[in-house]
Amino acid sequence: MLQIMEGSHAVAEAAKLCRPEVVSAYPITPQTHIVERLADFVADGELDAEYICVESELSALSVCLGSSATGSRVYSATSSQGLMLMAEVVFNVAGMRQPIVMSIANRALGAPLSIWNDQQDSISLRDAGWFHLYGEDVQEMTDQHFIAYKAAEQHDVLLPGFVCFDGFILSHTYEPVDIPTQEEIDAFLPPYVPYNKLDAKAPLSMGMYATPDYYMEFRYETDAALQRAGDAISAAGKEFGEMFGRDYSTHTESYRMDDADVAFVALGSICGTVKDAIDEMRADGIKAGLVKIRTLRPFPAEEIAKALAGVPTVAVLEKNISLGSAMKGAVGPEVKDAVTGTGIDVYSYIVGLGGRDIRKKDIRGIAALAEKGKGNMFYGLRTEVL
Amino acid sequence: MRELRIHGRGGQGSVTAAELIATAAFKSGVYSQAFPAFGVERRGAPVQAFVRFSDEKVRLRSQIYEPDYIIVQDSSLIADVDVFSGVKEGGIALVNTENGTVEGVPDGVKLITIDATSLALEILGLPITNTTLMGAFAAATGEIELKSLEEALSERFSGPLAEKNIAAARRAYELVKEGQ
Amino acid sequence: MALRIGCAAEPGRARDNKTGSWRVFMPVVDLEKCILCGNCILLCPETAVSENDGQILFDLDFCKGCGVCARECPAEAISMIQEEK
Amino acid sequence: MVDKSLELFDCGHRACGGCGPALLARLILKGAGEDTIIVASTGCMEVFSTPYPETAWKVPWIHSLFENAAAVASGVEASLKHNNRTEKVICICGDGATFDIGMLCISGAFERGHDITYICYDNEAYMNTGIQRSGATPYDASTTTSPAGRLSMGNSRPKKDLPQILNAHGASYVATASVAYPMDVMKKVEKAVNTPGACYLQVHAPCSTGWGFDGSKTIEIGKQAIECGLWVNYEMENGELTKAKKVRRVPVEGYLKAQKRFRHLFKPQPVTEEIAKIQAIADANAVKYGIDIQLNE
C-alpha cells in the first residue's frame, strides 16, 4: 500500500523489515534521520536489535564486522566523510566476506566542506569489493535494501553491499512509497544463515594474513564472487518483482532508447530529472534516451553495451570527479570501455557536485554539447567566480 | 504538475509545512513530493521548502524556480528574499501579514493575505503559523482537501495539540474561503 | 585445497610448520635432578614441553631451543646442548 | 577455574625463540578456557600465529585491522548477547594497537561497557614493523624511531598510564601483570573474563629481539622489571587500587644494563643523571602503588 514518507524513514523501515540483529552507526548529515528512526524502533520495541552507538564511523563498521562474523545480520548507514573514515574497514569487510548491507546517503567530500549531495563518497570506494546499488527514487532505494541482503547472503556471493541514494535529494524528500509488510519480507528474505562464524563449538580463525603465495588467489576469489553477486542481484530483483510487482532483474533501466540519437547514462536521482527532460526534448524532435545504471558494481558492461548499441553519442552524467583523469568522470571510462570498438562517442559531464542543482535545461544543454562532440568537462560552472 | 515554494525562517516550520501539505495532497489522491532547500540555516535565517503535485508519479528532482504557488510565512522576508521570483502568471501568493498590504507582487499573480500570526496566537497560544497557513493554502488553491489536511495533522500531532492545530487550519480555511 | 572463504582456517595447521628446524641448542633434562615442578612446561612459549609418566618430554618438532626452560628450572636439571644435525 | 594443563595455543607458530607474547597467548587461554572468542589486532602476535592457513589458535579467533579490535569485539559481544550465547570475548592487542592507534575504538568500547576483556601484551614498542616507539615505550629506551644519538637519550617521554585512563572510563576491573608471573596472569585473566563489563589487563611481555637480550632470559628480564619497580603488578577494582605486588626493590641499573635498548645509558660511560631520572620513575611507582616491603614487615 502506498504511503507518503520521508526517504530516510522509508530506508529505516526497510532496514527494520530485514530484521538486523545488530545496528551500529555514527550520525552524519544527511544520514541521520535513518539511524534516529531505527533508534526509535529499538527504543519502542518495534525492532529487536542491539543498537550500538559508537564514537566514530570506524567503530560503526567494525562493530558490524564483529557481529556479522559472529553470525548476525547487521545494518549500518553512513555518508561522505563517515565513509572515508570507515574506508579501511570497508575493504576489510569485503575481504573477510561478510554480507553487511550499508546505506549510503550520498554526499560530497571535503575540502571544501560540503554537506550537500554528489556521489564522490561511494564512487571513491567502488574498488573495495562491495556491490553498489543506486536508487532513483524513494521506492527504488527502499526496495534495493531487501535485494541487497538477499544477494549478499547467498553462499556463492558472501559480499557486502552499498545501497546508495542521493543525500537530501532522496533522503529528505517526502514522497509516496510502498513499504512491504513484515510477512512479505519474511517470505522474501529468509533468516541469515552464516557460512562461517565465530563459535567456540567449532573454532575457526578468521581474517588471517596471506603471504604472496595466497594473496592474489584471495583477491581473485573476491572478484569472482563479486561477479557472481551480479547474478544474485538479478535473481533477487526478479523474485522481488514477482512478489511485489516492481522488477529489478536488470542492472540498468532504459528509458526511450528506441532510435535515440543521444543517450544519457546516469546513476541515482538525476535520472528522474533526465526522464522529464527527455520527454520535453522528444516533444521538440530531439531523440534522446537514458540508460540508468542501478548496479555500478559489478559493472554491467554487457547490459550497457546492449542498451547503447546503435546510439551514436553517449553523455555520461557524473556526480563525481576522478581528479586528474582524462575523462574527468569515473563512470565514463567504464561506459566507453563497454562500447569499445563500436564507434560510439562517449563523453563525461561533471554535474551537480556539492549539491549544485540540476535542471531539465541543463540536461538539454549537455545533449547539445555531446552532439557537437564536446565533453569530458564540467557542466554548469559559474565562470564568473573563477 | 503544479509546484509550491514555501518561504519562511528557520524555526517557523516551513519544512514541516511542506511535508504536511504533501501528505494532505497524497491523501487527497494526487502524487506529491516535498523537500527542503537543504541548508545549514539556523533559527531565524530565511529558508525554503518545496512541494510538487501531480496526477502522475513525480520524477523531477530540481528545486522549484517557477512555482504555481508560494507561501510566505513572514512578510518581513519580502525585504530579504525575492520571494516572488519566477511565480507563474495566474499563480497564487499566500502571504502572512498583519495589515494586508504587500509590496512587489508581480502582475498576474493573485495575492491572498492572512494574519496567520494573530490567528495562531489566538488558537494555539504560540506564533507558529505553519498549520494556519496550510488551512489557508487549502482554501486558496484547492490542491488539498481540508479533510485530508486534518488527517495529516492528526497523524503528526497528538491529543490537544492536534486539536488546536486542526482548529487553526480550519479557521484559516474558512477565513480565506469567505474572502474569495 | 580450495581457499577458505575470507582467509579463514580451522585449527591444527600451524603444526605443519615444524619450528624445530630453527633450533641450534637442544634442551636435555637430567632426570636425577628433575623435581617435576612443571615450570618448564608452563613457561615454554612453544607449547613444546610436556610430562608423561614422571618424565619431561621436549617436542623436538617444535622446540626452537630458546632455553627459557633451562634458565627457569629451579633444580637446574635442564641443559642446552649444541645439536648435531 | 584456571586449568594449567589446558593448551589452546598450538605449536608451530613463528614467534622468535623465547617470545614473551607467545607465552602470554598460552597463559591467557589457560586462564580464559575454551569458551572464548579472541579478537586480535594487527601486530607481531597476529603475524606469528596466523599465516594462512596455519593458525595456532584452537579457539575462535578473528583479526580485522590494526586499530579496531575493541570495536570488533564490541560487535562480537553484541551478537553473542543477542543470541544468549555464553562465550567470553577477549581482545589481545599489542601496545601500539592499544596505546596509540586503537585508543578511539577502545575508549568507545569501554564507555559503552561491553562485556569484554581487553588484554594488551605490552612489549613497549612496535615490534612487528621493526621496533619503533609507541606510547608504551619507556623513558630513554632506544628504538628505531627514538634512537639514542649524539643529541638523543632515546625515547624522550615517559610511558603513558593507560590503566588509569581506562580506570577513568569506569572499568570495573583494571589490572597489570607480567609473563614472568604466569599464575598471576592466569588468575587475572580468569577474574577479568568473569567480571561483567569491559575489563583491561596490561601484561608486560618482554621481547628479546626488540629489547636486546637473549631469548632464554624472557622471564628473568620480566622479573627484574618488577623487582626494580619500573613495572608494577597491581589490580584496580571499581576505581580503587586493591592490590599491588610488593617487592624488596633493587636499583634500576641491573634491569637497564641487561638490555641493549638502554645500552647508551652505560656506554661509553654511565649517564648518571639519566639513570637517576629512571630511578625516580621507579621511586614514584613505589610510592604511588605502595610496593616497598618495609624492613619491619
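Going in written order, the chains are labelled A, B, C and D, and every chain counts its residues from 1.
The rule is simple: a residue touches a chain if its C-beta (ideal position, glycine included) is under 8 Å from a C-beta of that chain, and two chains touch if they have at least 3 such contacts.
By chain, with names taken from UniProt: A = Pyruvate ferredoxin oxidoreductase; B = pyruvate synthase; C = 4Fe-4S binding protein; D = Thiamine pyrophosphate-dependent enzyme.
In this text the structure is predicted, and so the values were computed from the model without any measurement.
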Dominant chain pairing [most C-beta pairs in contact]: A-D
Chain with minimal offset from the mean of all protein Cα atoms: A
Chain centre separation in whole Å, for subunit D relative to subunit B (CA means): 64
Cα-centroid distance, subunit A relative to subunit C, in whole angstrom: 54
Centre distance in Å when subunit A and subunit D are each reduced to the mean of their C-alpha atoms: 43
Centroid distance [mean C-alpha coordinates] between subunit B and subunit A, Å: 34
Residues of subunit D touching at least two other chains: 50, 52-53, 55, 57-58
Sites on subunit B at which at least two other chains make contact: none
Shared interface positions of subunit A, touching two or more other chains: 96, 203-210, 214
Touch-based graph of the chains, sorted into line, ring, star, complete or other: other
Subunit D-facing residues of subunit A, complex: 21-22, 24, 49-50, 52-56, 58-60, 62-72, 74, 88-89, 92, 96, 198-200, 202-211, 214
Subunit C to subunit A touching residues, read off their complex: 3, 5-11
Complex contact set, residues of subunit D against subunit C: 4, 7, 9-20, 22-23, 26, 49-50, 52-58, 182, 214-220
Touching residues on subunit A, where the partner in the complex is subunit C: 95-98, 158, 195-196, 203-210, 214, 217-218, 221
Contact footprint of subunit A on subunit B as seen in their complex: 18-19, 22-23, 26-27, 31-36, 38, 40, 57-63, 65
